[in-house]
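Same chain, two partners: chain A is paired with chain B first, then with chain C.
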Partner chain A sequence: MHSFIQFITGPMVWISFGICFIGIVFRLLQIFRLTREKENFMFTFLSVKFSLRSILVWLVPFLPVSTRKSPVFYAVSYIFHILLFLTPLFLLSHVILIEENFNLSWWTVSDWLADIFTVAVICALIFFAIRRRMVPEVKFLTGLSDYVFIILVALPFISGFIAYHQFFAYQWMVIIHVISGELMLILIPFTRFFHMILAPLTRAYTASEFGGVRHSKDW
Partner chain B sequence: MQDVKTNKKVIDEGVEAGLAKLTPEKIASVINQVLEKETGARFKAYVQTCMRCGLCSDACSVFLSNDRAPQYSPAAKVKQTILEMINKKGRVSREFLSDAVRIAHTECNVCKRCSMYCPFGIDIAYMMLTVRRIIHKLEITPLYIQDTVNSHAATGNQMWVKQDEWIDTLQWQEEDAREEFEDLRIPLDKDGSDIMYSVIAPEPKFQAGLIYQMATIMHAANVNWTMPSTPGWDNSNMAMYTGDFETSGRIARIHYEAAANLHVKKIVMGECGHAFRSVYDVGNRWVGWTAPPIELIHAIDFYHFLLTTGRIKVKEKYKKSVTLHDPCNISRGRGLHHKAREIVNILCENFIEMTPNKEHNYCCGAGGGVINCGPPWKGTRMVNNKEKSRQLKRTGAQVLIAPCHNCHSGLEDIVEHYELGMEIKFFGDIIFEVMEKTIFEEGN
Partner chain C sequence: MNHKHLFIISGLIFLTFFAYMTVSAQNEIIRLDNSAFENPQRPGAVFDHDTHNEMAGLEDDCSVCHHVYDGKTLIEGESSEDSACSDCHELKPTPENSVPLRKAFHNRCKDCHFTSQKGPVLCGECHIK
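Up next is the complex of A and B:
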């Protein structure tokens, strides 16, 4: 057991980050090569100016018309995505781990704030799940994989929360926390989690066509 | 979909005849060929990025018209067509394909409004056009639009207009328009003109009066213009919407070649939206031109120039209350909605905005080749256009300006079906009515 925990908190962390990073680079190169080979014209139309303009607009809450049509969903979604990165990155326990190993350290959020963030992420995921059940047009599109994604994201947050407060099964919660976190990293390049990398690219191309060719806004 | 009047499944003879000839092997090989060979990273990215959030739904007027029934949302159309084809590796049934034709050809106007509502900017219209490409290669395209494409392929115009009929029509309009100006000409094949004017084939076929009006405007504005007597005079392109990209590219090229042969400086095209998309955005790219090889402007741009430079003067502003429908292919497709508003305000006294408008306007419901699928699909089209009828009704305007042929025909159907009692006009109709019939002279 001890050696297992040592493995998942040691080499496996490296392996997970490695797969995630190399996977992202590999997928990006693959996309780049395939575009060069079959749709080289896309580079002709791609415009940095219009891409950045559109991405910036879409980062501002309630500027795009679409975000105003579904204000609750967008509000939850904005907060969720920000906290999804903020919470693990600035969590004291994570930063301490990094400091112990690499002598690197940065700003952290207080534990009670991290608690609020964690609960907020979990609530957002519950909201997404309920929305998938309740809103007919979303329910129609939803498959099993969509719930699996929600669970995969929820696991490290729920287990981390329970482990920190030592509510029950501390050791098991730590194991689940570490493994599910690593799993998520590994899956990023190869599943729809990859939208974190692809979405800015699809937006950029659509923005370039709308702005550069069609002289029109895309928000 | 059930037809509203008969409550029976719509039967399209072209689709049925094509389906009867298909074998499972043929279906799979065509689908896989298109998906593997004709699509690239963009297509894969769209499939892998969509998080099934359903935010595109509110963009789609077909979805809104059907009381938010989930199967009409843009992402649902992708799910019911292309995703299923990918998941089953092309092994889909004839019934599935029959539904795919209905969805891709009659329930999506490829208007790209959903790209503006998707947070990732996924081009769902492109996905639907890929379905239509597969449908074309399986030879199960709806009958009426396929006939139009056949005409394009054989004659270079979409309505089987013969060359002598074309020339005759122009001469007839020239003669009639001499009622306005006694020395008016419609100059045919005049080498080195400043402008080549091109139209869509329904103009000489059914609406020759529009050519009469334009000739009057050109003459009054003292423009050095011409029209080609040979193929290339028709700028329309239904092949672009059926996935027959080879024909689509060919007819866009014929159009530019006609202009090149006449050594004109610029092409002005009539009030049509899809034709603009073809020669400005799609057809030219298929041929390999990033941008139009000869400067090309839509009638709105041209009218704007004539009215703001005083080449055409307004005698008395148009009195009736008007509203403006922004055609997708020139507003979302070219940002011409600003100039269109300036023109309306120069021409008309009482302008009422419709909402949503500009880039966010709803499609007329006829666009993207949907109206061209013809009479079998008219009943379902009227159901799918309910939201558009509500939008029009809210304006309370007497006159609806629609600077696009497809929009015109579709909006006429809506106005009649939903008894809106609106008059539908082109900008050309209004300019002709309010303009001073004097000839512009440089320096005046």
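Up next is the complex of A and C:
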């Protein structure tokens, strides 16, 4: 068991981050190549000004009209996305591991607060799952994979929560926690998780067309 | 009630008490003193010094953990049983000692446990709630 734990907390972390990083670069190059091949005209009206303006506007909660039309969903979504990154990045246990291996450390949240954040993330994911069943227009677009991705994101948080509280099967919970976290990293470039990289590009495309061609706002 | 009964009853009370003491002594969790830390987030690590050293075969070599350093060089053959870890390891790295206290504890335990493939290595295996 020791060598297995050593592998998943050592080389596997490097492999996961490596695949994630190289995958992102590869996917971005692929996207630029495809755009050049198939939609080269896009570069004739692509505007840095309209792109940045749109990205900035969409970063402000409830500024875009469509976010105000579904305030509950967007409120949950904002909180979820912020905590999804904030919790693991500023978790003491994670920072300790980085500190012990690289002599690097930064500000952390206290464990009780991280605990609340974790519960909030899990609740948000339950909300997303229920929404996919309840809202007709969303249900229409929902397939099995949508639930699989919700479970994939939930896994490291649920296993981390159970492990932190030492409710049961501690060792296995940590193992599930580490592996599911690494799986998420590996999947980022190749699945819909890639929207974290793609979203600004989508905004740039839409904003350039709306600003430069249609002369209207895209929010 | 005659003397025989009294003897048996007091004997039973003594035995029950003795058994309770033995069991509770075995159940007593011995933890490392974490009072040197400001606002510790976890309970001190469970560590029974004598049992650990017996199992790890360290009875004769205190200096593995109770080491003495001069700057960055380990002084062979010298040991520091009389001082606490926090006497040399500060909360933050200092010019005299680059290993802060938390890192000293964590790496001292985990490195050995990984090398020997024995003993706890995950957070909650030592910091038992």
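Assume the second predicted complex is superposed on the first by the 219 of 219 C-alpha atoms of A that agree within 3 Å, B and C clash if a C-alpha of one lies under 4 Å from a C-alpha of the other, contacts with A are read in each partner's own complex, and residues count from 1 in each chain.
The rule we apply is simple: a contact is a pair of C-beta atoms (placed from the backbone, for glycine too) under 8 Å apart; a residue touches a chain by one contact, two chains touch by 3 or more.
None of the values given here were measured: they were computed from a predicted structure.
Q: May I ask you to decide whether A:41 touches chain B, chain C, both, or neither, giving the answer as first, second, both or neither?
A: So A:41 only meets chain B here.
Q: Is A:141 touching the first partner chain B, the second partner chain C, both, or neither of them?
A: Only chain B is touched by A:141; chain C is not.
Q: Identify the partner contact of A:111: answer first if only chain B is touched, second if only chain C is, both if each is, neither if none is.
A: After superposing on A, A:111 lies in contact with chain C but is clear of chain B.
Q: Residues of chain A touched: more by chain B or chain C?
A: Higher number of touched chain A residues: B.
Q: Applying the touch criterion given at the start, work out whether A:174 contacts chain B, chain C, both or neither, answering first, second, both or neither.
A: second
Q: Which holds for A:2: it touches chain B only (first), chain C only (second), both, or neither?
A: The second partner, chain C, only.
Q: In the superposed arrangement, which partner chain does A:166 touch: chain B (first), chain C (second), both, or neither?
A: Touch status of A:166: second partner only.
Q: If you stack the two complexes on chain A, which partner ends up touching A:98: first (chain B), second (chain C), both, or neither?
A: In the superposition, A:98 touches no partner, neither chain B nor chain C.
Q: So which positions on chain A get touched by both chain B and chain C?
A: Touching chain B in the first complex and chain C in the second, no residue of chain A appears in both lists.
Q: So in the complex, which bits of chain A are touching chain C?
A: Touch list, chain A to chain C: 2-3, 5-6, 92-93, 96, 99-100, 110-111, 163-166, 170-171, 174.
Q: Which stretch or stretches of chain B touch chain A in the complex?
A: 39-42, 44-46, 48-55, 57-59, 63, 68-71, 73, 75-76, 79, 115-123, 281, 285, 290, 331-335, 359-360
Q: If you look only at chain C, which of its residues touch chain A in the complex?
A: Chain C residues touching chain A: 39, 41-42, 102-103, 106-107, 113-114, 117-118, 121-125, 128-129.
Q: In their complex, what parts of chain A are in touch with chain B?
A: 30-32, 34-35, 37-39, 41-42, 44-45, 54, 58, 64-67, 69-70, 73, 135-143, 146, 192, 194-195, 198-199, 201-207, 209-210, 213-219
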